[in-house]
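Below is one structure; the comments refer to it alone.
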Amino acid sequence: MIRFNSDYLEGAHPRILERLSATNMEQTVGYGCDEHSERARELIKKACSCPEAAVHFLVGGTQANFTVISAALRPHQGVIAADTGHIACHETGAIEACGHKVLNVPGDDGRVTAEAVDAYVREHWANESHEHVVQPKMVYISMTTEIGTIYTKKELAALYEVCQLHGLYLFLDGARLGYGLATPGSDLDLPFIAAHTDVFYIGGTKVGALFGEAVVLVNPELQPDFRYLIKQKGGMLAKGRLLGIQFETLFEDGLYFEISRHALEMAGRLCQGLASLGIPFASSSVSNQQFVRLDNGFCQELRKTMDFDVIQPGETESVVRFCTSWATLPENIDALLAEIHRLKNK
Amino acid sequence: MIRFNSDYLEGAHPRILERLSATNMEQTVGYGCDEHSERARELIKKACSCPEAAVHFLVGGTQANFTVISAALRPHQGVIAADTGHIACHETGAIEACGHKVLNVPGDDGRVTAEAVDAYVREHWANESHEHVVQPKMVYISMTTEIGTIYTKKELAALYEVCQLHGLYLFLDGARLGYGLATPGSDLDLPFIAAHTDVFYIGGTKVGALFGEAVVLVNPELQPDFRYLIKQKGGMLAKGRLLGIQFETLFEDGLYFEISRHALEMAGRLCQGLASLGIPFASSSVSNQQFVRLDNGFCQELRKTMDFDVIQPGETESVVRFCTSWATLPENIDALLAEIHRLKNK
Amino acid sequence: MIRFNSDYLEGAHPRILERLSATNMEQTVGYGCDEHSERARELIKKACSCPEAAVHFLVGGTQANFTVISAALRPHQGVIAADTGHIACHETGAIEACGHKVLNVPGDDGRVTAEAVDAYVREHWANESHEHVVQPKMVYISMTTEIGTIYTKKELAALYEVCQLHGLYLFLDGARLGYGLATPGSDLDLPFIAAHTDVFYIGGTKVGALFGEAVVLVNPELQPDFRYLIKQKGGMLAKGRLLGIQFETLFEDGLYFEISRHALEMAGRLCQGLASLGIPFASSSVSNQQFVRLDNGFCQELRKTMDFDVIQPGETESVVRFCTSWATLPENIDALLAEIHRLKNK
Amino acid sequence: MIRFNSDYLEGAHPRILERLSATNMEQTVGYGCDEHSERARELIKKACSCPEAAVHFLVGGTQANFTVISAALRPHQGVIAADTGHIACHETGAIEACGHKVLNVPGDDGRVTAEAVDAYVREHWANESHEHVVQPKMVYISMTTEIGTIYTKKELAALYEVCQLHGLYLFLDGARLGYGLATPGSDLDLPFIAAHTDVFYIGGTKVGALFGEAVVLVNPELQPDFRYLIKQKGGMLAKGRLLGIQFETLFEDGLYFEISRHALEMAGRLCQGLASLGIPFASSSVSNQQFVRLDNGFCQELRKTMDFDVIQPGETESVVRFCTSWATLPENIDALLAEIHRLKNK
């Protein structure tokens, strides 16, 4: 069975495992105060051209999302997200469990637009009884989005401008940030993101690490006491150096970007193949997640040897997802395409 | 200035004030354990033909909503509501502040339908990753709805059936229940509601009391330890007898229903008048809240002597709301209609 | 049966009921934006010599406590209170339900001392792992305390100074503030309290009102968006004018202070009587709550005609509480003393 | 510098790292549904002789604590813990952030006793106003305790009996369970714990794993929907197999117990040495954490080459902690003792 279900099917990039082994019997202080974590923080600040940022390492994405949001908002404030946003749909109400409402705006192919934010906030303040309604105070976006689209420099700058105008924080969930930056057509880079958000994170779990997300608090308002929040919300890893070592490895010589590019090359190979086989695409994704429509019978046949997620089951055809990652082998892409070809001609 | 902004513009029905005065220097134990509260509970259980229910008195609607929901749900569970539902729009995230997500379904003229609930719940359980999504466990409806519509026996029974089928609690917010029951065309009554919900409340604040809502916990699963929840959530009134005395007065001889009927007569008088003046209605409300469209200039003129809420401001015309209540004077309705007439012919 | 169980046994001072009746059919806007509430706010600010304060009316004490604390603290911050503090013992975890730990310090006869706060805060910051511990950010005190003691000017000033030094908010729960100020020996007054706290409230429920507490936000940091918090936490009374009218009545000509003095005169009459009857006092309370030790058999006999709370049941004798209030009749004090006398000589 | 600060100074037992490397490029489904996790669950259930238990893997201890407590309690319920308990002191209010009060009882050398629980619960229900107080519903204990003591079979059985009697859940935090079981004099074992608690966890982070705690839900009441809670609280690791692989390695052939015994042998070597050097012990710890008193000047000297935590700083002498673990080298113990010897004779 070859799997394309997600970008977290394998362990870690071999160099990360090697580094963990090489440092295994070192004795370090706990909770992220060790030298590996310190060095990783410096590398990331340098990569972001943002020396004043505060960088913290957390284990996973949901944890990063609610820790950041909980640290930033007062109880009556909420966070605007696309209706397809991860915090809106896939985190079992983790944000609400911290007391905050997720304020949905319709996504533009999964993206939040500056216009939608502007309209939402203006409507809030125009309401004479606005204290009866949750106050918008943050905008949450993802890069790549949950449906595989990306933001351009222009779009991000416009969003940040409208957030600045209305006193909102802009928070970018970068669980798949490496893949987003490596997507052909993306003009974003880390320094631009750091200059146009208040807080964002660089995902490791899906991009070569065993686990881990590097939260970059750019806005000084969001920095005080963040370690208290990490501890309270369950994100303070005793052996914090495990996160430090992984991000050190990913950022000391560009490994993070290199393996992200690989995933996108694999996605390109896949897309070309699917297109030439006449498989219809189901979204405008340009990144490492590709969504296509498959006839249900065909889908069932294909899943005998290839595994992938059915995202939206339908009566006769369904939307399915194929993911590539740092670990995807070209021969597996070819095997998938060959199997589709074989089944189509059966 | 004559006001039609809401159904809580005045104090209380005079008989309630008289009773509060008559009992003022009685010494009673606190926190709702007094004899007035006890008698009021018995009167309500009798009116509902539901001797096994537990009845508790709370000060207001938002408080009643989050106390009930908080008592009923586990942390990962959410409550389905119409997108226009009060808990979804008008409570500053009070439900989320208790940790629970409000799960929106599109309203059918403000109503939640059995079909919408059934589809929502089935989709949840069909999702292979359902633990990544908030689990629906309760359905919240209002009678009357936030846009003035009502439920029929058939609709409520269908909702309750689908809730029973899927193990969901059905919760009816009756902040305007008196007006809903008194609405011409309503076939509902308290015993039917008690037999077809798990919990509901009978609103006093908008129906003749100074303040107060009587929560009726029908389902025994929801009854244990409810007083702890009331205390924790800030709803345990020291002088609980104030609530008891008010509901005693409202339910000992049918005052609650009598004054509700008055409000609906006033609404009928208003509707007829508006219709004959050619004012276009903006909703299918049948109850004591009437929504109409007014040209903005006309609206501005009218507000010089008559006050009412602008619900949805528009470029050239806006949706406004006129409310009647137990306290509405027929001469005020007539004055409003006369003023509209005068301005139309100016 | 004559009751001394609490200071909320009766309804309201007759002048309050009269005022509610006189204004009953006035039409006012809701949620505390009416003219009565506005006037009451002005009267209170004037009484506190604090024109920049923001004044809000809430229904009850627990509600006031958690709304203020929730508005002031970030998630990782806690509130220091005496181990006998109301928020520590008698609110069913309402503060914790808002996410905040109550940090106990040993009370000095129910009071929090400046020394205890100083030591607590210094220990926190001296801890190298302080982010593993809740950060103290507020001090909660009560006047009178839960055991009937009071703060002097000197004590309050010292507390405020230490709070200022460490960046903590000082919050005074004044559920019984009237009685505290009227206590013989008290040198405090409202302007001094306003000048030496960040936030406090003036209790109405126990001091002549049907219900209601006036929260005075002195520190401008605590003022923004407070109405959102009130709404979210269930404290936004639809007919907000009910609170405004009551505090208007209490503060327009000194009624609040006058009836407080009455309660303390009654307490003095009671204390003298108890002392001359040789009943041993169980606390150093100087205010309207008096705690004495009664032999259990005697207590049982006395409760046949007089009701009061058993605070601390013991094997052979118990601590019981007698409360006086604005409503206490001198003849009831005398009847109580006579009955004690009769039983002692039986 | 040789460190004795904690039992999480190094990475993982080498066999765990080897296994992670060997399985690195396997493709598995996420979120703990893979075969390694499944096998680890079976191994643990077998080790506990508890086939009906539900086993879940979480990343860390604080996360495990609040996820279990949040899953088990209703909003008005609290958890009894020793005043030195980890949830009471060292988790930045994580339990309160989930809405629940930690109810302190005085520890008996860090242990909660059956008598203390019994008294606490009886006092709660004897209080006529018990709904004004948090309801005790769970007892939290640690093995080993935060101060290094352990529970015997007799003590645990007595606690469980009193919990059963009063309808409380008994929850054992086993962050150091391996070390507790390996402590000379301990008569506990996993099957006995499984038979005398409602839920417990087996700590990996401190006992040979990179990270990870295995939560064992014994009581069927606590099992439903636990995965929703894990996800909501941020504990659902994308690459769940990382936890499965580690516990598989620890439990397939007794490695967990073997390395725990090693830590206790090292602790024994340390204790003997300290005793023969005349260093005074500061607690009755019998396990892998040893607390001693050091003169401050001496302490400062010693810390030039040996690192350890100062637990309780004093004016002239302080309490410090030396930890041993699965990774402690006998030569390091000897070096520490030699250095102490050298400094004492300087």
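Order of writing sets the labels: A, B, C and D. Residues in every chain begin at 1.
Assume a residue touches a chain if its C-beta (ideal position, glycine included) is under 8 Å from a C-beta of that chain, and two chains touch if they have at least 3 such contacts.
Model, not experiment: these values are computed from the prediction.
*Asks:* Touching both chain A and chain D: give me those chains, sorted by label.
*Replies:* B, C
*Asks:* Pick out whichever of the two, A-C or B-C, is joined by more C-beta pairs in contact.
*Replies:* So, comparing the two chain pairs, more contacts are at B-C.
*Asks:* Just curious, how far off is chain B from chain A if you go by their C-alpha centres, in Å?
*Replies:* Here chain A and chain B have centroids separated by 42 Å.
*Asks:* With chain centres taken as the means of their Cα atoms, state the distance from chain B to chain C in Å.
*Replies:* Chain B and chain C have C-alpha centres separated by 33 Å.
*Asks:* Between chain A and chain C, what is the gap in Å from one C-alpha centre to the other?
*Replies:* Each chain reduced to its C-alpha mean, chain A and chain C end up 50 Å apart.
*Asks:* At least two other chains touched by the same residue of chain C: list those residues.
*Replies:* In chain C, 75-76, 91-93, 97-99, 129, 131-132, 228, 231-232, 236 touch at least two other chains.
*Asks:* Looking at the complex, which residues from chain D come into contact with chain A?
*Replies:* Going through chain D, the ones touching chain A are 1-3, 5-6, 8-12, 14, 17, 20-21, 23-30, 59-63, 66-67, 91-94, 97-98, 205-206, 210-211, 228, 231-239, 242, 327.
*Asks:* Can you check the complex and tell me which residues of chain D touch chain B?
*Replies:* 31, 70-71, 74-76, 98-99, 129, 131-132, 135, 225, 227-232, 236
*Asks:* If we count contacts the way the header does, which residues on chain B are in touch with chain A in the complex?
*Replies:* 75-76, 78, 89-93, 96-97, 99-102, 126, 129, 131-135, 313
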